[in-house]
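What follows is a pair of complexes built around chain A, which joins chain B in one and chain C in the other.
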Partner chain A sequence: MDKFLRVDVGHLTAVHEPVAEKYRKVGGRSLIAKLLLDEVKPTCEPLGKHNRLILATGLLAGTGVSCASRISIGGKSPLTGGIKESNSGGISVDQLARLGIKAVIIEGAPQDWHLLRITSEGCSFLPAGEYLGMETYALCEALLKRFPKAAITCIGPAGEKQYLSAGVCHTDIDGKPGRLSARGGLGAVMGAKKIKVIVIEGKGPVPLADAEKFKETRKAYTKLLMDAPSSKAYRDFGTAAMVQKVNAMGGLPTNNFSHGRFDRADDISAEAMVDRIQKRDGEGRTTHQCMPGCVIGCSNVYPDIHGKTIVSPLEYETIGLLGSNLGIGDLDVIAKVAYLCNDMGIDTIEVGAAIGVAMEAGIARFGDSEAVFRILEEMKQGTVLGRVIASGAMITGKVFGVLNVPAVKGQAMAAYDPRAIKGLGVTYATSAMGADHTAGHTARAPVDHLDPNIQAALSLKAQKSMTIVDCTGLCVFTMGAIGARLDLVLDLLNARYGWDLDMGWFERMGIETLKDEYRFNELAGFNRAHHRLSEAFTERELPEVKSVFDVSDEDIDKLLRYP
Partner chain B sequence: MDKFLRVDVGHLTAVHEPVAEKYRKVGGRSLIAKLLLDEVKPTCEPLGKHNRLILATGLLAGTGVSCASRISIGGKSPLTGGIKESNSGGISVDQLARLGIKAVIIEGAPQDWHLLRITSEGCSFLPAGEYLGMETYALCEALLKRFPKAAITCIGPAGEKQYLSAGVCHTDIDGKPGRLSARGGLGAVMGAKKIKVIVIEGKGPVPLADAEKFKETRKAYTKLLMDAPSSKAYRDFGTAAMVQKVNAMGGLPTNNFSHGRFDRADDISAEAMVDRIQKRDGEGRTTHQCMPGCVIGCSNVYPDIHGKTIVSPLEYETIGLLGSNLGIGDLDVIAKVAYLCNDMGIDTIEVGAAIGVAMEAGIARFGDSEAVFRILEEMKQGTVLGRVIASGAMITGKVFGVLNVPAVKGQAMAAYDPRAIKGLGVTYATSAMGADHTAGHTARAPVDHLDPNIQAALSLKAQKSMTIVDCTGLCVFTMGAIGARLDLVLDLLNARYGWDLDMGWFERMGIETLKDEYRFNELAGFNRAHHRLSEAFTERELPEVKSVFDVSDEDIDKLLRYP
Partner chain C sequence: MNDITVIVRAFADFRAILGAQTEVMLAPGRTIRDLLELLSKEHSSFREKVFDSDGRLSEGIDIIINGRNVGHTQNLTVELQDGDQVFFFRPLSGG
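Entry: the complex of A and B
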């Protein structure tokens, strides 16, 4: 991966650039932080001409290492006004890496909509007219007829309309666009650049500096991953395993985060999901890969009663935000709503949180699934209500006068109530990204999640750990297996590139990434006042755990020594 | 004015407190800044229990000095998230001062709605049930039957609904609630405290330390004010005189700030207004007082064709934002819309700017006055569109995907395009209040308003000058007469209180006030990134002046040495 592809949508140019030394040893999220700091004015309008949309590969992308081809999409977020990296599975990065492209940097002020096609012969702008307005599933089906072997990264109507919660969608190994870089509204940035689709056609191997060492290490890595109990758990139940776990912890968002346990949790649990998939048979799959060569297979295919696919995958965050958070206890409904969100190209977390806020305002009753379908239709049509919801939880709260808004820095919380799982509360508060669970997940740690005094350290450790996976392109679900064997990752990196990184590199790179992100946000207008949860969480007790979020401001401020 | 009245709406207590030394020599806006810094957590939820609503008197309130009884309403703004002082005429402060009350501090989390009655016998909570939902004109008419001599400070339906652009309304000398502390959504804070009405019944003189000196100085002050050409201009044409002036400068907001001259400016000018008032006769008045004893009388009463009052007053900002900015060139329409806004208790500037943004989004056509009436009706009904508009220009822009939003720190600009009157652009950018023209008005200065190099100094001077009027309770329109004779104001203060302030006090107090406000905002989450105008103004040329807002970031940052 020896080059950047720089795309100017104003001048319709696309040129390959050598990768400057300072960017060589970082990938994914870490690379995005450096590029944004260097190239994007932090105070710029996120949907204006000065923002950039970056597709970055992780350092191990395209090497055939299992779970190592996550894609990082980056830019200044129109939802938070801060830095954003939004991570996803799918096959796009694998093919990008095989073209030798470390990152695609899309910039400028466009005139017309285009489809961007990136192949070994270069990058071309094709007219996008025929695809405009298309939902993502039909779009990708049409595109794969035209470009049969391509990976597709695209936006749906939500991105075209520049909805603040629009995501960027990527095809999986089945060619379905169910993998979303969902968070932070980067789909709107892609819409603002008037790129409806990026077709990526790459194949062939990536160069390996020490092929023998690489293959030998990859073998050990794969065996470790395959044998790990964590991998089996993900394979059997996927992320949905968290439903029962978090419900037991009293932190499952229920009725707009007013409760932490849902009386129909059993009905939306992984066990119920697996049971349905197995009984319904047909296209359903309890295990499924989002990336080629993944030996975990945490994904799934959720079928209807006739065995026809409703959506793939059906994941915990979606179940939490569009299920329990809305008082909806029917997996079929949740799966259909998830499909509609994917089809529109929009973040299920943000939409679920926003609808929850609207329900608290009385726009609809908790549990009213028909109302949810109506709201989604309004989003599709672009009605005023649809636009409000699509603007995210925070704006929905402001418009409807609801103070109980589960959001930080303008971005909705994931499906972990920070009063029950306080380490995630610290992550929500301190992450430069807004309330991302992926910025530093603590729910699986064997600690007392209600003890406020240990959470800042726990979150910081998790946040640093996440930079490792986000920089290398690894899936976080590898960590249960290889978290204690990072030497293998180091060996893979050194063998891939001919480097001599030492084990201290992980820590140094992690801190540097976090600092780069903070620096961007500081210049964009954030300070320590933004590292706080609202009174809805610091003063309103969560009944199931009889606690508020009470990690001290001092602990939080010390955590990242901001600025 | 030797006491604070502290009202706890949670415990239904109201107690008089002595005024601590540190608060004695400040009033109005300056007092609000100190009280908020001391008592309100800057990161608190503005519509939650930790915010306070403060009614502060200026230092010369109640003394019978002409134009010296402006009211300052303060709190953390739900619109900007920062500090807010919103200034208005009316008679409330005069009566408050005559009760010896320097400020009313309203705090706590209410259960039920109340009417607050403040008299020489104390403060009582009366049930507000019968007044809930009432528009302000009918409300004040009913209240004045019950409390015939009272001054009324109240909120309309907008404040009850906690709309982010809701104002606090005050009765004028005719008992009409047409004087608004309109900006920053403080009406929503009053609504959050569930205080529908504050009835103030105060009479009798305020004590004067040196009555003879005071009266002698007041006489000189009054003569100066009466004789000044500026006073005559305000009396003859009111603030509406700015229509032709700003139109000539190319800075009259037209069609959502896309132009700086309006082809129907003649029809909405002060000359046209005066002509109509005179021809229609009846209740119309070209001059009118908002405060007792005002010798300027810049206000007016605008009648319909039958001579019946439509609204009083009809002012420049309203004409600019609800007129030219919406492409509406009919004063009768603007007057009716202004009346409806007053009746709802909402900021005409914010509403005008928000509707302008919505018109750019295609919600209605520029110039379509029927659509404006429809939108106002929707605001009254609380429909989704009505709520979006009532949430202000910035949120309207986000919901409808419009980037050309005339707002800074979340608050809409007044009726001066910052590309044509760049000193006001600096004020908009740097004021802790958001885009307030009253924070530092430069349009009347005899300078080249397009020269970027002189504007920061000009704005700073104006900003300091405004602290003088906002601290003493003077109307800014006195400055044309007494700006060069501040010794008279100093003599009045010293004679009133027995102080020995020197002329340097004005400068010291001004800087301290600005610094207090910045400090609050810094703690609330603002930094220098918020001292910027958006690309809609720094990069989009205003055709009439062929210029963008190009005062340098360096000049702006130097201006207030933030933080």
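Entry: the complex of A and C
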């Protein structure tokens, strides 16, 4: 029977609890929403003792279903002041689920730093002194010598310093901490709990109520996933394929979202990346898995001219925010900056957006990669400038008097300009998570992305769809293959748990999750003003598409009633 | 009237078939469907990727002309203009 692990960092206790009925049929993000509503006062200080840090497994975690072991980290966000679930690949959840743990709930006010070790024997607090201050790659290398088969979830110096853009890092199948629950500053919440590392050592199968049915369905699911054209495209080019597409759509953030096309897009495209990886050979790989059993393999390993790894993975959002958004058209530079961000344990989207705002303020010129490295060093050192940038795009804008800030509810936009891809603008405006593309991605939809009249309905559909993957622990990149065959997912859930869910469950669960999240934010003090894009996007025309974000307030407010 | 020239830019695995960028001459008044048919005649593997067995546009392609996603929205009836840039992509999203 799955259980919760409740960890009190003040009293140094860790106890297993049975899972109450109301939490049984939800996982991941949906579980986090319910736990936070029930246990965390929405008006609490996010970095104070009343907040919780939650690690939640999806409903299909640990079952060997391909692409189904994404981790959800949750808490009240110090960046947005609202509810936050930040999702990532890696191997942590697979091992957590194999220990029969549905969620780890970390609470209390700590005295000292600890390393948390979770095994089949229980949970222990180990001294963390020798690891404090360590950057994530060296940290995980040291930890894996000590705990060779473990999955590691950790924070870097950014989390220790409680930077508002600090993420929580997870090791991948190679033991590298390049997988981040990056968004919303949850690394700072982990830092506030003084947990530097969570070592997870789990193995063995998870129980299956109907093993035969489960395996039969899993086989059909895997075949569908392997054969899908979308899986092949992700395998061949990764998410970086979006560079040229979004550039063509006129929505590639360029020079702090002042333009939607970048004159060096060819140089930072997937095609250029793949060409370099293949020519440089060595450790570079055009396809790579972030979690065991993934048959898509959208990840990659990007090498230097000698074939040695610079970073893994190099993803579209990072290329957009740290590349074109800063006027930088060199993949080697972007890869190095991405590595430094991972090493510090910080969100590349938030940092890229914040540096873009600082560049507009004249702190550095667009295209100046040396300045970016200097700023990162300042973040590492904790100088005033470094701390301002690490506090995110919104605070950077306020400090430097810049009005063109690409953020909603305090969180930076991903690499899609909402004036060109307006459905994502609606998601940015209405998601309880702040400007989060993963809350409801519309760029893939076969529609006219400039037509304001269809975007609210499109965004709501995408937001509901995302709750399915975030609740079950699936990767969103499965949806190109299985979006039309959710009956397979339903069969997997029913065979895993012995349930009798019907297809309507997806819709009911989705709406309930969105309403739970909205409710938390409402109780935290959010109002209509929080659900609007700024005048930088509603009144400043994006030259390449000659448009502003013009989805009506009425459409946005109607969405928030979740019809 | 003189023929028009459109610039075709192909990405992902479309590039292996069409090349990165090519100029195509068409008679005035031709539509995006006419362009797809022309390219399919020249490259049989392109047809397989673009049309399903019923001759409808495949879900495996996004077509963007001058910044606007037109493939699935206007039934391929968009009339091409001289100098148009036509992009072929796989329907993916970032992460």
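Operating definition for what follows: the second predicted complex is superposed on the first by the 560 of 563 C-alpha atoms of A that agree within 3 Å, B and C clash if a C-alpha of one lies under 4 Å from a C-alpha of the other, contacts with A are read in each partner's own complex, and residues count from 1 in each chain.
Here is the rule we go by: contacts are C-beta pairs under 8 Å (C-beta built on N, C-alpha and C of every residue); 3 or more make two chains touch, one makes a residue touch a chain.
Predicted model, so just to flag it, every value in this text is computed and none were measured.
K.L.:
Applying the document's definition of touch, where does A:R29 land relative to chain B and chain C: first, second, both, or neither?
P.N.:
neither
K.L.:
Name the contact category of A:K336: first (chain B only), second (chain C only), both, or neither.
P.N.:
Neither partner.
K.L.:
After lining up the shared chain so the two structures overlap, which partner does A:A420 touch, if you call chain B first and chain C second: first, second, both or neither?
P.N.:
second
K.L.:
Thinking of the overlay built on chain A, is A:F400 touched by chain B (first), by chain C (second), by both, or by neither?
P.N.:
first
K.L.:
Going by the contact rule set out at the top, does A:M249 touch chain B (first), chain C (second), both, or neither?
P.N.:
So A:M249 only meets chain C here.
K.L.:
Examine A:R387 and indicate which partner it touches, taking first as chain B and second as chain C; both and neither are also allowed.
P.N.:
first
K.L.:
Scan A:R444 for contacts with chain B and chain C and give back first, second, both or neither.
P.N.:
second
K.L.:
Which stretch or stretches of chain C touch chain A in the complex?
P.N.:
So the residues of chain C touching chain A come out as 9, 11-13, 15, 20, 59-60, 62, 64, 67-73, 85, 87, 89-95.
K.L.:
Name, in rising order, each residue of chain B that touches chain A in their complex.
P.N.:
42-45, 47-50, 161-164, 384-385, 387-388, 391, 395, 398-401, 403, 522-527, 529-530, 532, 534-536
K.L.:
In the complex formed with chain C, which residues of chain A make contact?
P.N.:
Touching chain C: residues 229-230, 232-234, 236-237, 239, 241-242, 244-246, 248-250, 269-271, 298, 315-317, 320, 414-416, 420, 437-438, 441, 443-444, 446-450, 476-477, 480, 544-545 of chain A.
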